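Step one of this worksheet: look at the structure below.
Lettered A, B, C, D, E and F in written order, each chain numbered from 1.
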């Protein structure tokens, strides 16, 4: 099968991590994956949610939103409908869980880091791009906290990246673009650490089901993609090691 | 390891599917899994969401909510906060996707079935119970539509059930109760068809990560649990076959 | 006139008070009145609304909601419309006032008890069932507070129950079911104490008016019904006396 | 007992019905009862709620709101809290039911009349003033519809007015002002037709209960007050008879 | 050009400032400008917004709302739509800025004054009437605070009033009524101090543009109108001078 | 006075209009003014607001929003507070009015163009940048509609741009950055056409007032700035003339 953009089945789209994209955020990254562009800004705040007050422990959370014209047709803003889009709710919970897997919340101390993932342009894979780019924004913010002496030791424990894989016309593919994603029988988002562990696995077969054999192939593709993404993240973070 | 309620690592909790629990819904089931109790009501409505109008195709969707005192401490109602709980949003999207995998939406015709999953009492596994019980409520509603001649052929294509598995203190367990779930290093929800395919796989390692070996063990447990659940569903639906 | 379910004009429907229906609430009761089923859960919280802070005085309040398929056609959830149903608002204010008439708020101390009344199935009389069942849930919670030594003396002062009466085709009837209620010229909800006093009286003649003679007959029916309900409540609360 | 403003136990406060208070509404009345001032505006709209479409039948409904500084301390606007005040919800449902008792909805034809009751200044009895004044606004709007030939016959069937009564320090009083209302053991709102029938009766004993003897005295006071109010309404509506 | 109500191009409509219109507000004014009627109530509260806490400095803010039937057709209440009308949002920000220009917030001390501007009847110029009338309500509240010794010196520094001007059929007019406003090529709201300075200037040419010459003429009209309004305000405030 | 970034009093900041910034919008522009960056996307939709249905006339409207970390401290999203920020409401009304002044709505036909102005980074002047950039996005969308033959003639009538001016430490300055804006005695936004007419003028003196002399100087600066912006807009739109 020839992919729509000529890639091989196990290739990522051209990927860029533009650090310092905006000037105020403690960590700011524009992640570009093909035509998907997500702005990931990390904000440090000196307070924590009620359930952590006086615990000495910090928190990392995420918010995800699409700009109205990130897609082919305009979407009304959430505030016009007075409802957080349920898809956004699902995605931002995933991003938060994925990024917390990288953090030693006690080392962070009683403060919060919020990763705002705003999709400028969507062409598939916005949630995985948000995790991969969001991790770098989080890393920059943590480096800043350490550099300024606010915290003593780096609260990050490992690299975390995410990539989508899927089955399209029976074939397992890495990093689906929107057209592929729409036609996919199976769609899976894989979040992995640089140590090779799975943080989160979300596979869905809305137009079909999948078996153990397919799952194995998809996981292998995911592992390949994650490895490449970890190298890019490392470069963006100045070679930071754990 | 001894489980808190004395079960073996690969046992489901005592499970009941009480059909006809309420009298108005086209399909009504109370699913009881140990101390978890979820009321699943299927409502048929003669209209579809805007994106399906004049398509001849139907829709199946779900809503999930906990009663305020389904848990150890009282939760405020969503309407008091004017926000759909984001956890509920995430869960009801999962239930909807899982159940649609069982349905031939064209055979359903241009009508909707909404599965309301209201948690009366929560002791872990409410989302998987909602899928397993919701499928039976959906089945009852479809049987009624066929019996009344509203639709010609059964729009269900297969059984779909769900079960949770997880890693607790390094051990892989089937069907976690709340205490186990809270302590789990890895938590995974597995949705399977009676044909043995995966519909949805959601594994999370918020307090750890997991590797391929653990994944394989968890999937094997899930397959075992799903098989038992399909037998219970079949019995509740009068032995309906596909 | 023959009533739809064969009862005499002054008979209550078969009535059950299932205590301990859920396991977490401090007091939990399922009240069944014919086909009407309401789950009443009492939750104790160690705080009070702002207007009572540092007053040494407690508070009792209620919330009322119908599950979407408690009725013949599905009702959208409040959160979908972002508005508390105004009928629910009216009813929960009534329940709260009625139950507070039974309580010595100073004896309760600076804590709140919320009675959640969730209608599982509605066949008329859900608001009066909520008061009658809610009182028992409240009683159970208070007994628990006393038994655990949290408060010194029982803050309840008397039994409070409620029943509906109405005029249907010119005849005065006790405890209307939904079909009778829909056809009623006059509908009245009567809340009474075990001492025979009225706590609340709400009579409405949307399809007609009523005169003093009819009012007297309706009140007599209400007194009869309330007496029977107080006996059932007393039994459910282990014969508690004041 | 001497009343705070020197009235006898069975006297109404000075009462005014200022018709034509604003110029756009089809019917506009400022009702003044002592220091309570409510602006009642009736608006005719050529549509009906969904449940009445193509029924040939009209609808009458009410909305009730207090201006922020109608009371001794400022109340936040509902829109600031994004919630309709539950007290307002309860009251506007009462006003709507009371006024519909006066109307032949078929004679009105398929159109709606909304009565907006906005409290300029509150000193007790705002809900009963809203009904009494709202009826006159409704009457003016109906007279206009008949005069302009929009409808053939007057859709009003009778006068409807409302008044509060209550027990204060053991004594039954007519038309409570705020200070009396706050101290009342029993508070009752009585809605009556000019034919002497009860439309709605709402008695509450939050700080006490009441018995049949007290009820009889309160109803007698209510009948006296309603009679006086019907005479004032008739004068404001140019002596209109049924 | 003959104006619709016979006024000359540089005349204000008949103007009234009725002080003490309601009894609870610290300052209460009904401003009447022709058929435009706005109730302006000033409420003093002993707290400030978060950004001013422990600053020793006070705050003045405004809220603006139209009653549903202030206009020719009924407008739904904000709470029905769960959204503050964006026009109201724009206007209340303008009123707040305009009034703060008159106040020494340090002299006010750490307390807030909220000016509620509720439009009873709208015939053009409601936002400028709200400023002019709101200033008087604010003045009355400040006089009360000084008279009661709550604050030492008058926190007002100058008179502030507002008036609309516009270009209609090529002609510059003072104080547009609704019919003129709807037809205006240019509409401008001018807020001025009694010292002749501009506080705020908002000119809009939605159906046209304007040049420097027209601007000069409009400003001259505004200055004339503002002078007259300052004299009326001074009279309403008992001749208060700065 | 030396300006913070070394500009002369009558200089604009370095300005860029990046067209085609995103790929889906009918017109897409990133406007950069110094450190202020606003993404302006124009979306064409084949429907109009209710008040224009079957009028043959189109509509142009705008929405304005800041990304959470466009500023030095993180702002909560509107949807978290369930309220459109009132500042945003005010600004988007201004943008809409300003852009409609450029359009022949009948030539547009019965369709809508929405200009989404999302602030990526804010350093003063975001509302004027939104108008200037939004005009170019609107122009690109109109050119596309004409090129595709959807409409016959260009619905734009003139160039419209906007710039801020202000008085800082007594001196009149063009194009204030955030630091200057915060310290300004007077702040004015000027919207002008390429023909030299004023479309909108909004001057505010929250920390002071201004007189005719200052106004004249500010207008002269605005005219200079607007002229330069019109040249940049023309270049971005391929030299389009009217």
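We take it that contacts are C-beta pairs under 8 Å (C-beta built on N, C-alpha and C of every residue); 3 or more make two chains touch, one makes a residue touch a chain.
Composition by chain, UniProt nomenclature: A, B, C, D, E, F = Ribonuclease PH.
Just so we're clear, the structure is a prediction, and the values are computed from it rather than from any experiment.
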item: Chains touching both subunit B and subunit C, listed by label; value: none
item: Intersection of the contact lists for subunit E and subunit F; value: none
item: Listed chain pair A-B, E-F or D-E that repeats interface B-C [over half of contact pairs the same by residue number]; value: D-E
item: Rotation, 0 to 180 degrees and nearest 5, that superposes subunit A on copy subunit C via CA atoms; value: 120
item: Mean-CA-position distance for subunit E and subunit A (Å); value: 50
item: Approximate Å spacing (C-alpha centroids) for the pair subunit A, subunit D; value: 59
item: Contacts with two or more other chains, residues of subunit A listed in rising order; value: 82-84
item: Ring order of chains, beginning at subunit A and proceeding to subunit F; value: A, F, E, D, C, B
item: Interface residues, subunit C side, partner subunit B - complex; value: 22-25, 28, 35, 37, 39, 41, 43, 45, 63, 65, 67-72, 74, 77-79, 82-84, 114, 116, 118, 120-121
item: In the complex, subunit B residues that touch subunit A; value: 82-84, 86-87, 89-90, 92-93, 97, 100-101, 188, 193, 195-206, 208-212, 215, 219
